[in-house]
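Next come two complexes, and both contain subunit A; in the first it sits with subunit B, in the second with subunit C.
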Partner chain A sequence: MMQRVSTRWIALLVLVALILPNVITLAQDNVVTIEWWTVNSEEYSEEAQRGLAAQFEATHPNIRVNVTVLPESGFDERMTTTLGAGEGAPDVAFFWNTNWYPQALDLTPYIEADPDLGPETYFENFWLTRAVWQDKIVGLPLGVGANFVMYNKAVFDEAGVEYPTADWTTDDYLEMAAALADPDQRRWGGDRPRGPFRAIWRNYGAFPYSDDSTTVDGFLNSDASVAAYTWLWDLVASGATPTPADLEILGTEGTGPIDLFLAGRLAMATLNQGHMLNAIDAGVEFGIVPEPQVEGNERYVNAWSLTASIWSGTQHPDEAYEFLSYWVGPEGQRYLMENGNLFPSIPEVLAEYENAETDYAQAFFSVLEYRQVAEWTNAHPCNSTVLRAAVDAWDLINLGEIERDQVEATLDGLVEPSQAALDECVARLGG
Partner chain B sequence: MNRETEITFKESAAAAARTARRADLGHSARQWLGYAAAYGFMTVLALLFMIPLLWMFSTSLKSRQEIFAWPPDWIPTSPQWFNYASAFEKYPLARFMLNSAFLVIANTIGELISVPLIAFAFARLRFPGKRILFVLMLSTMMLPGQIKLIPLFSMFSRLKMIGTYWPLILPSFFGNPFFIFLMVQYIRTIPRELDEAARMDGASTWTILYRIILPLSRPAITVLVVFTFLWTWNDFLQPLIYLSSFDSYPISVGLAFFQGRYSVEWNLFMAATLISIIPVLVLYFFAQRHLIGGISSLGLKG
Partner chain C sequence: MFSTWRALSPRARREALEAYLALTPWIIGFLIFTVFPIGASIYLGFTQWTIVEPPEWIGLDNYVRMFTRDPLFWQALKVTGLFVLISLPLKLILGLMLALLLNLKIPGMNLYRTVFYIPAVISGVAVSLMWMWLLQPDTGVVNTLLSYIGVKGPNWFWDRHWALPSVAIMSAWKVGGSAIIYLAGLQNISAHLYEAAEIDGANPWHRFWKITLPLLTPTIFFQLIIELIDSFKVFTEAFVITQGGPLKSTYFYMLYFYEEAFQNFNMGYASALALLLTSIILATTVFINYTSKRWVYYES
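And now, the complex of A and B:
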């Protein structure tokens, strides 16, 4: 009798042992794991992003998100390696390098089918510059950032100079920088723009070449462009601004001269919303104004958002879109704003920012309304070939190698090689 | 000897002794001055070379605004010792360092197994194609690591090893061409007569390697160990490419997290970096005699 019972139990156990793994496998088969690569930065900490993934998993039991948090300084290398290898790339990640766009999944069918998410969800200019590329939707714009001028109130007060206002001009900038500089204290009045592709050049009304991508002459060396370069020459000659070597050494890994600004050695600096948070943390009294305008011209801002995309090689595009639309949609951006420092790229969510009424937030939000430098550069894939020449001229001035009356001739001299580079690029891209 | 002569002799002897004493004093004073000058010069040089380290230490105790203040304060007005605690709170530095230590040990074991074997074969054994294989191995040294990155990633990806330590450890078990080249050169300086004498006493090839060659190659092996330690400890790119989990990152990758998108927290970064270089300093302290001996005997310079 006992033997028969034991045999039955053993048989039952064997049966369970045989069935159970299959049941578990079946259950596991229903759960899709997607790889998400991200970075740890001032705006979204590792903790906040893991929290976001956990919240997503709680509402999407069929999808598991495997989070890989990489250092900001190594993200490009990792992405470039995996995209270059054509394997091992993440299902969802930042595609902030335009060279990666060809490997981003076209989201057009998903966006068309999505009743909750679309171009109207986001700031229009960020959607146009960061989501759309060559008539494809290559990603969704996460967060917003922009350059603006931060001024150190203590330095202004000490020098007896009035704070700048939003309607200030490039001439005001020169005057203020000179008045604020104090060589005895190794203090500079303002920093100098690091390249012509930023807002100042555009504020003067300058463009590298014609809108139809055919002509450089009359654009790179236009009166507007000469005026912008001459303004830079005057700023450099004033001695009120750090040299490129100073900025290189003291400029915090190329991320902007925030440390000089916080130390009170730079009265005005072109910084961004991340630096603004640094200054708040450090307890520095500061104000924000847009980059100076040129009277009578339209005003531009160098602004950005980070393109978050799906890799075209993903095995789970539907699940990847589920997560992407959560992460970069209202829910995800709200979570990262409340649990981190993200400034969302969705107007209705940005309006919920807890310090929205502060002066600095208002000033930052107002800058986002301007036209973006990226509108033109993103729409003109050959712009970098001509900008290279424009940067050369910018550098010559920065290094003090040309005189004021040589600015125009220098730009004239760059027209021919720039035209050749533009023609070559346009031909290479098939016109 | 009359009394006068005796006196004259004693006086002469005393004068000679006085002169000798003066000469001795002069000599020891000159020697002392020489030592003082040499040590003074070396101290100044040491301080000069220590400036970056001192600046790191000073920065690690400053608030963010103080770091770039002018004139710079070498001694912070109120040292922020909690920067060290903050650095550890912000990221799992101890875990990162343990991971680095694991990688160092595993790589060192790998190199110690593979390099002497391969080097001995190239230096002592005769086999067909030896020269071609040696040149082939040397030529792999000329390839920059970045070029090999994508093919290697592809290979390890197909072996399902991405996200594990294997891509960072396995290559060391197949020899490093630089160390193999060093060891080959070193083994070639050991007289063959020692091998032959051992062989006449009945020693096998293995015995010659382990009983004769390896004990005599201690300087080269020290260089191998120290360089493996330093390269593995400081390697950033490969762990970055192959590892995916916060728990598995080594300290080189961990330190990079202190650099944000828009700024660097220099004070915390310097505190973390100072802690991370302690193992390297300790290793150098204990291995310096062998290392310097090894480097000079191998003809390695800067």
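And now, the complex of A and C:
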């Protein structure tokens, strides 16, 4: 009797052992795992991103997200090498280097078929600079960032200078900086730009070379460019701005002199939304205005966002899009705003920001509407090569080694090497 | 080779096989991690390659561009050559002087030796940031001290004429490492030579010139080669502090190489640059090695 029972149990166990793996395999066949590589930052912590992945998995039981959080430098190297090798790249990741765009999946058919997500979902100019490349949709823009001028209200009040307004000009900047500077207190009026051909140069209407990437002469040394460099010369000569050595030592890792600003030693500084949060935390009374304009010209902003994309070699493009559109769509960006410091690239979601009604937030939001410096630089990959060849003008002015009336001649002298650099770059990139 | 092998006794053959077997992991590693990358780099120097797309063979174009159409290449080469000329003698002489001091028999010498060696083991980035503070024109320690004696210090890293010497001074601060090697060389010199010279009436200067220096030449030769290679490869200081400026006065070769490779993703050109630098270092080393027969004295 006992032997018969044991035999039955053994037979049952064998049967279960044979069937169970198949059942598990069948169940696993319906679950797709996608690889997501990301980075840890002040805007979206590792914890928030893992939370976002878990929330996505809860609503999408057939998709599992394998999250890999990398340091920023490690992210660059791993993405470049895996994309170069053509294997092992993640299904979904930031494609923040334009060099990687050729390996991004064209999302056009997905966006066209998606009733909930499209160009109209996002800030138009961020879509233009971060999603579209050579008529392809290479990704979706996650978050927004921008440079603007922050002014310290206490310093302005002490100096008896009126606060700047959104319509201020580059001349106003020079006047205010001079009025606010106080050498006795080791206080500067305003900082100097961190490079040429950013927002202020664009506001002057200056570009380093022609739109068709053929000619430097008449652009690098145009009237507009000379005016922008001369404005820099005036600012440096005024003594109202920290020297490059001061900025290097007292600035914060190249992101902007926030420490000097918070300490009240710099009345106006070109900073970003992360610094805005620092100032709020520090309890500093501040205001925000766009970088100064040049009357009669179109106004620009130096702004950015991160392109989140799908690798063209993915085995699961549909599931990858499901996750991408969740992560960079309204739900994901809202989650990262509420659980981190992300400012969403979707106007409707950004409007839900907890301090959206404050003056500083409104000023920041208004800056996001301007035309972006990146629109031109993204479309002109030789920009940095030409600027490297033309860097002497920038250095000479910042070091105070040329006179005001030598600015134009200096730029004229840099046309030839810059043209050579442009020609070489254009040829290298295949025209 | 085969006749040599046949001439070996069975035991010697077994020992040789065992030796090769033990060397195999290193040989495999050497082939994979050294020979292959060097070979790949030589090949890539003849291509245009952006990493994410396959390399395209362009023959000698990278080298033609380098020598005929690239002013930045010449600037980087000039700056690096100048740096080698300034920093190499500085480091060799200071290292030797420091070693002579550290060879004195005074109390607490081990502590001094440790203190002087510390800079050699500190991270290059940390050292760069520290020197950036020390040489800050307005509030830096160096210029503040100079102001006490009525000297207005220069703008150091932020002056086109002083930036390169500033980097050289900074690199000389790390001579503790080479001083330790000189020290080992000094302590190998037999005391009886000094005793004999002293009996013959030689003063300290004569003893240094006629005994110490000649017997230290093998160490000097070694240091010369090592410091030469090190000077050609200078990068961190410029990357952290000056970014090649002002006015490209610290635009070192390795910085240019880095920009081309990892900022512009111009790997083919960067490989050509790397190969050229390797060739320059190799040629200089061979030349120094050739001249060493005339000035390096081996006691044996």
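Basically, the second predicted complex is superposed on the first by the 409 of 431 C-alpha atoms of A that agree within 3 Å, B and C clash if a C-alpha of one lies under 4 Å from a C-alpha of the other, contacts with A are read in each partner's own complex, and residues count from 1 in each chain.
What we mean here is this: a residue touches a chain if its C-beta (ideal position, glycine included) is under 8 Å from a C-beta of that chain, and two chains touch if they have at least 3 such contacts.
Since this is a predicted model, take the numbers as computed values, not measurements.
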{"item": "Which superposed partner A:417 touches (first subunit B, second subunit C, both, neither)", "value": "second"}
{"item": "First, second, both or neither for A:214, with subunit B first and subunit C second", "value": "neither"}
{"item": "Which superposed partner A:284 touches (first subunit B, second subunit C, both, neither)", "value": "first"}
{"item": "Partner chain(s) touched by A:84 [first = subunit B, second = subunit C, both, neither]", "value": "both"}
{"item": "Touched partner set for A:258, first subunit B, second subunit C, both or neither", "value": "first"}
{"item": "Superposition-derived comparison: subunit B or subunit C, residues of subunit A touched", "value": "B"}
{"item": "Contacts of A:297 with subunit B and subunit C, given as first, second, both or neither", "value": "neither"}
{"item": "Contacts of A:245 with subunit B and subunit C, given as first, second, both or neither", "value": "second"}
{"item": "Which of subunit B and subunit C A:59 touches, first, second, both or neither", "value": "neither"}
{"item": "On subunit A, positions contacted by subunit B and by subunit C", "value": "81, 84"}
{"item": "Footprint of subunit C on subunit A - complex, ascending", "value": "80-81, 83-84, 99-100, 102-103, 243-246, 248-249, 384-385, 388-389, 391-392, 395-396, 398-399, 401, 417, 420, 424, 428"}
{"item": "Subunit C - residues contacting subunit A, complex", "value": "48, 50-53, 65, 69-72, 132-133, 136-139, 155, 157-160, 241, 245-248, 259, 263-266"}
{"item": "Subunit B - residues contacting subunit A, complex", "value": "63-71, 149-151, 153-154, 157-158, 162, 236-237, 240-241, 244-246, 253, 256-257, 259-264, 266"}
{"item": "Complex contact set, residues of subunit A against subunit B", "value": "39-43, 46, 66, 68-74, 77-78, 81-82, 84-88, 185-187, 250, 252-253, 255-256, 258-260, 262-265, 272, 274-275, 278, 281-282, 284"}
